[in-house]
Amino acid sequence: MNITIGRGKTARRAYGIDEIALVPGVRTLDPALADTRWQVGAIEREIPIIASAMDGVVDSRMAVLLSELGALGVVNLEGIQTRYEDPNPILDRIASVGKTEFVGLMQELYAEPIKPELITKRIQEIQAAGGIAAVSLTPVGAAKYASTVAEAGADLLFIQATVVSTAHLSPESVESLDLVKLCQEMPMPVVLGNCVTYEVSLELMRAGAAAVLVGIGPGAACTSRGVLGVGVPQPTAIADCAGARDDYFQESGRYVPVIADGGIITGGDICKCIACGADAVMIGSPIARAAEAPGRGFHWGMATPSPVLPRGTRINVGTTGTIREILVGPAKLDDGTHNLLGALKTSMGTLGAKDMREMQQVDVVIAPSLLTEGKVYQKAQQLGMGK
Amino acid sequence: MNITIGRGKTARRAYGIDEIALVPGVRTLDPALADTRWQVGAIEREIPIIASAMDGVVDSRMAVLLSELGALGVVNLEGIQTRYEDPNPILDRIASVGKTEFVGLMQELYAEPIKPELITKRIQEIQAAGGIAAVSLTPVGAAKYASTVAEAGADLLFIQATVVSTAHLSPESVESLDLVKLCQEMPMPVVLGNCVTYEVSLELMRAGAAAVLVGIGPGAACTSRGVLGVGVPQPTAIADCAGARDDYFQESGRYVPVIADGGIITGGDICKCIACGADAVMIGSPIARAAEAPGRGFHWGMATPSPVLPRGTRINVGTTGTIREILVGPAKLDDGTHNLLGALKTSMGTLGAKDMREMQQVDVVIAPSLLTEGKVYQKAQQLGMGK
Amino acid sequence: MNITIGRGKTARRAYGIDEIALVPGVRTLDPALADTRWQVGAIEREIPIIASAMDGVVDSRMAVLLSELGALGVVNLEGIQTRYEDPNPILDRIASVGKTEFVGLMQELYAEPIKPELITKRIQEIQAAGGIAAVSLTPVGAAKYASTVAEAGADLLFIQATVVSTAHLSPESVESLDLVKLCQEMPMPVVLGNCVTYEVSLELMRAGAAAVLVGIGPGAACTSRGVLGVGVPQPTAIADCAGARDDYFQESGRYVPVIADGGIITGGDICKCIACGADAVMIGSPIARAAEAPGRGFHWGMATPSPVLPRGTRINVGTTGTIREILVGPAKLDDGTHNLLGALKTSMGTLGAKDMREMQQVDVVIAPSLLTEGKVYQKAQQLGMGK
Amino acid sequence: MNITIGRGKTARRAYGIDEIALVPGVRTLDPALADTRWQVGAIEREIPIIASAMDGVVDSRMAVLLSELGALGVVNLEGIQTRYEDPNPILDRIASVGKTEFVGLMQELYAEPIKPELITKRIQEIQAAGGIAAVSLTPVGAAKYASTVAEAGADLLFIQATVVSTAHLSPESVESLDLVKLCQEMPMPVVLGNCVTYEVSLELMRAGAAAVLVGIGPGAACTSRGVLGVGVPQPTAIADCAGARDDYFQESGRYVPVIADGGIITGGDICKCIACGADAVMIGSPIARAAEAPGRGFHWGMATPSPVLPRGTRINVGTTGTIREILVGPAKLDDGTHNLLGALKTSMGTLGAKDMREMQQVDVVIAPSLLTEGKVYQKAQQLGMGK
């Protein structure tokens, strides 16, 4: 399994979403029989899809809509929503500037401090409308705002950074976040991420994670691989972390779901991630295309507004339908970006998988990525090379 | 052969049409001596090419023309031809709408029910003109219309879905189609598909299939891989199913031809599929380019009009010549899409293969796909990215 | 070495020119010391480059110019030059038609019969001007015109088809060309090709070939791989045929040079072919770019004018310099298409190879083709996708 | 490890920068704790980045600015700076001509001889302004101007050619440069390159190199691979030469840094080169984008002005910020080309590497290059194919 790059340096081959495909077995299934339920902590959901904690993807209204449809949406507590009482004029400005002014504007907008009272307000407005209040903080933000989130009574907390670890080295002047303590003390389940290896995901599960987020580098609006050189393609990362989940379940009796986060565009991508072992997926750009998305047809990454090293980009994803059409259809597009639940159920039917556990075990084949025209087309369009 | 994607997930490497090439042996042959005959049930054909059961590819007139030329064309009994007495104004509308209105129009047009009397009419008009009446139904359609097809006296029946299996699980309220019973009771040979594995093709042969269709995901107008994540590149799928055919022949003495269906654009593609073990090929987009094709220069997939999960796309393939020029030449184009029979015979001559059995055994080499400029160009043109 | 495509079908991995690169050793060399001489029959040449027997590449004048520079050019005796007394107005017409009219025009122009007296004339006008008269015939043409060529006193004869073999099966009414007999009876050295395997090249050497041409499918103006599915990437084909050359030399004491033909665009390509074992290269499109080339900036394949199955395409290569600049410089372009001899000598200096034998043994590395920008650029331009 | 290309020709697989990615371990680190210092001879630098000895990248002013920021810049002593007293009008001309006139103009400009007094002047004006005077000569230039450089008191000398070796064969009339003698006699540390193999880098270290430059073929403005066929992708070349460094350190107790030179565009590329074993990187095009760069938004290779075989190209890289923004930020762009030091420190933090030695040992994964959109986009833009 180890490949020699040169003397003294070996590497593993990792596989990307575009490099694999799923293989039907001897049985097929009526899609109506496919059971897609999954669970994080005590929260059970019909649809194994979570909308990313990104400014352009989830606000309070979107969180409520996603809850009603059987999915989940996470509000980024360190973004526009908690810096501005009324985010709408801010989002209008973001949508109106040109490509070259974008990074500068984001750096300016993020200079406005986070307001604890807006954290409380966002959580309460989601719950008041009957939604599940899932919110996210970075490790640095958690040190400051975890108590506010606890008091406001959020249902689910995501502690999320490009890379998270239980062993973080800080300058002596700064105290590092203790993930074990946080998981124990918070009154709601805490999801930790992102990670990409067996070892780290096992550490996070042992630290008390209610679920782990898997994925570094692959996202459409993420430039970690270009800026930092860091990243692992999703199928390999998911399979490794799913291995940790199964081993941890043997060790502890607790099942910690693995959530694939990043690089997932189509229904086919969702199916492939689950087939590699994921329990659910977190997606950004496909949700940013919804008419109800706060991004107004734009999508950008969480690391974009960094004052010293922005690493994210704004993509004009456009608006292609309602969030209902995107999640549960009926589809108005034929490219795999509408009716994502229908796509998953149809794929499970085609593959004969009755539930998520069976879907995690279907046959996978490594197939040349050049042949997936849909991807080539989408990629070309993103690059401005399409028609 | 098993490659590790990550812990607990291994996969096979599958090879695509663009990744292989054929290698001449020590003998060459005058193309005039190449014997391309093949047989399904009692029907023998000179040309191992079948036009796909798609609205834009085969209508009654095309079925007759293909029969006369020595090939076969299959009429889709669940498409435009059996929903509308006169399909011409309908096909005109399809050709006239823009890309964005297309899926909606197809969903509207397919809301019109299928009329059993039109099934009978299409079969009879083909036979009246001296053609072979080959028709197709989905498994769901077969439950409803198989008796009509039997009574109308079709010559050949294709039972075709994205994926077909002998073990289909349905809700209790719905009865599943029994493929074994169907093959036994129908008065004409029944072709089953699609499948991509040794196991499933063997099951279908044992169920009584007169031939099996091989191919999931690779077609130009098919987005199964993008929407469902499902698919196996043709050479691997064909070689596996050809292995099942040979084993089944050992076991039963009955030779069940393997028909490669999907992803085949040029004469070279046809040659490669046969070299991997296919007995014939089913092609859509190359036939849709004929002046006589019902699609008026457009081509779209069978799964396109799904009311909830359309997964097919309409491609503007253009009209490049007559069906005669496309099948038997003389070629007016030099890109491998005209005179497909001539290409096969010339390839067989070059490779020294006297008949289809020898052609199935020629040497294959794995060669980098990036170098086949023609393919990249055609793909780019299909995607509207070329000049 | 055998890779499983599917049950019962295995294949070798072959490598393309764009997939390899050359590795410097412990010694370097002043390019002025690099000895590039090679020999076919009794003819010794300073430059191991032969211009292809194509209408747009070599006419009598170009053959003379190439001889003077130390290279070779082959006149196609079944093309425009022997069908028309004055080829110039014909070449003007070819250069003036549009892409869509081209194949039809070529089929019309080639309906004009070959005139034996023009074969004699072309050979004599080259020799009268002091050039080496190297000419080519297909196996079918050789049956008719070999005696004319012998009588006219050509210096070198190429018998060339897409694929040539010593065992060709013809209909009973047609007599097959006996290559052994031809090599024995012709008064000049006979070069045979094309081939791509150890076995066939060994057969051709044993049949008496003065040199063998290696290459099926890779040429820029050749669509064999698209139309017929046939082809082997050059480095693998060259290395195999060079193996046959070395074994045949052991067996017979006769050294039969291997000429790489097709898919060679830049100086780097030439270097790589020799590093894989070639003694010389045959190139078409780089020569077609010369101001003196008969193609007027256009280049097309030998199989293009086939009345039933044209498989070649016309490429607008443009005119970039004189034949002197292209072959021996000084270069006015920096992309590897000018001063091909200088590139070879500089590469030999960089790699420390004193002569062709040492150059055939330098280290090769397999490196991802995506990184050769020059190639991507040229390919993009050919496809009309560049700037 | 040896792959068969064909009979008698085997090759190693080498890996490119775009094919690898870095994998986080179990520990993370605050970027502020990442120690990026490195040393060549007695010169210690905070930033392991050296600006290439190219006309469009480094002049005296840029060398001073880079020194102040904690990096290094090398002045090409055989380029514009030493041929012209005032290079500014010359650089204006280079920036003003069209693509087709460029090579001719460079050949004309380089016909002007090198003036020893300008060598002395450039070294002195850098030192007078407090900068480190690092300068470069080719082996041929070193034979002529090494004594001038020694007398002028340069701080660091680079002897650099496409490929350098300790065993260079010259015509009898020419004396070859003795690298061992040069390293011994020069009063300042001498850096030698370029090389790509274990054997040659070990030879250069034994010859007395203060550091070795690694990289042949990969640079953006270098066409060695296209023109000469020569090149080895960076990760493999770096790992091999780093192996020689470690073995030489065992053998001699002297640590000779390995400097990766060529093909490095983004911060991620820098991180990957170090992760493969490099101690520092030399970069051209990213620095050419600085407002202070002499190239006025253009970048071209050192081999471009060759009178007989130019092999380099001029790229319009544009001007994207100040040299400060590019090296140490804050970044105004989000694509990995600004704040290169910040990117390295953040990557080290993400990967848990405290210093350069730990960074050289982080885990690497082989991942499909097609998925790095940023690279494709940048490459397409360089080629003028993007939006």
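Just so it is clear, A, B, C and D label the chains in written order, and each chain counts residues from 1 on its own.
FYI, a residue touches a chain if its C-beta (ideal position, glycine included) is under 8 Å from a C-beta of that chain, and two chains touch if they have at least 3 such contacts.
None of the values given here were measured: they were computed from a predicted structure.
S.K.: What chains do chain C and chain D have as common neighbours?
M.R.: In this structure, no chain contacts chain D and also chain C.
S.K.: So chain A and chain B: same face meeting same face, with over half the numbers shared, or different?
M.R.: Both copies, chain A as well as chain B, present different residues to each other, with under half of the numbers appearing on both sides.
S.K.: Rotation angle, chain A onto chain D: superpose the C-alpha atoms of these two copies and give the value as a multiple of 5 degrees.
M.R.: 90
S.K.: Could you grab the centroid distance between chain B and chain C? Build each centroid from C-alpha atoms only and quote it in angstrom.
M.R.: 38
S.K.: Provide the C-alpha centroid distance between chain B and chain D, rounded to the nearest whole angstrom.
M.R.: Their C-alpha centroids are separated by 54 Å.
S.K.: On chain C, where are the residues touching two or more other chains?
M.R.: Where chain C meets two or more other chains at a single residue, that happens at 13-15, 236, 370, 385.
S.K.: If each protein chain is taken as a node and each touching pair as an edge, is the resulting graph a line, ring, star, complete or other?
M.R.: Chain contacts: single closed ring, each chain with exactly two partners.
S.K.: What pairs of chains are touching here?
M.R.: Between chains, contact exists in these pairs: A-B, A-D, B-C, C-D.
S.K.: Would you tell me which residues of chain C are touching chain B in their complex?
M.R.: By the definition above, chain C touches chain B via 3-16, 18-19, 103-104, 107, 162-171, 174, 195-197, 199-200, 203, 216-218, 220, 223, 225-233, 236, 263, 304, 306-313, 369-370, 379, 382-385.
S.K.: Taking the complex as given, what residues does chain B use to touch chain C?
M.R.: Within the complex, chain B touches chain C at residues 1, 13-15, 20-30, 32-33, 198, 235-240, 242-244, 246, 266-272, 275-277, 329-336, 339, 342-343, 346-347, 350-352, 354, 363-368, 370-377, 380, 385-387.
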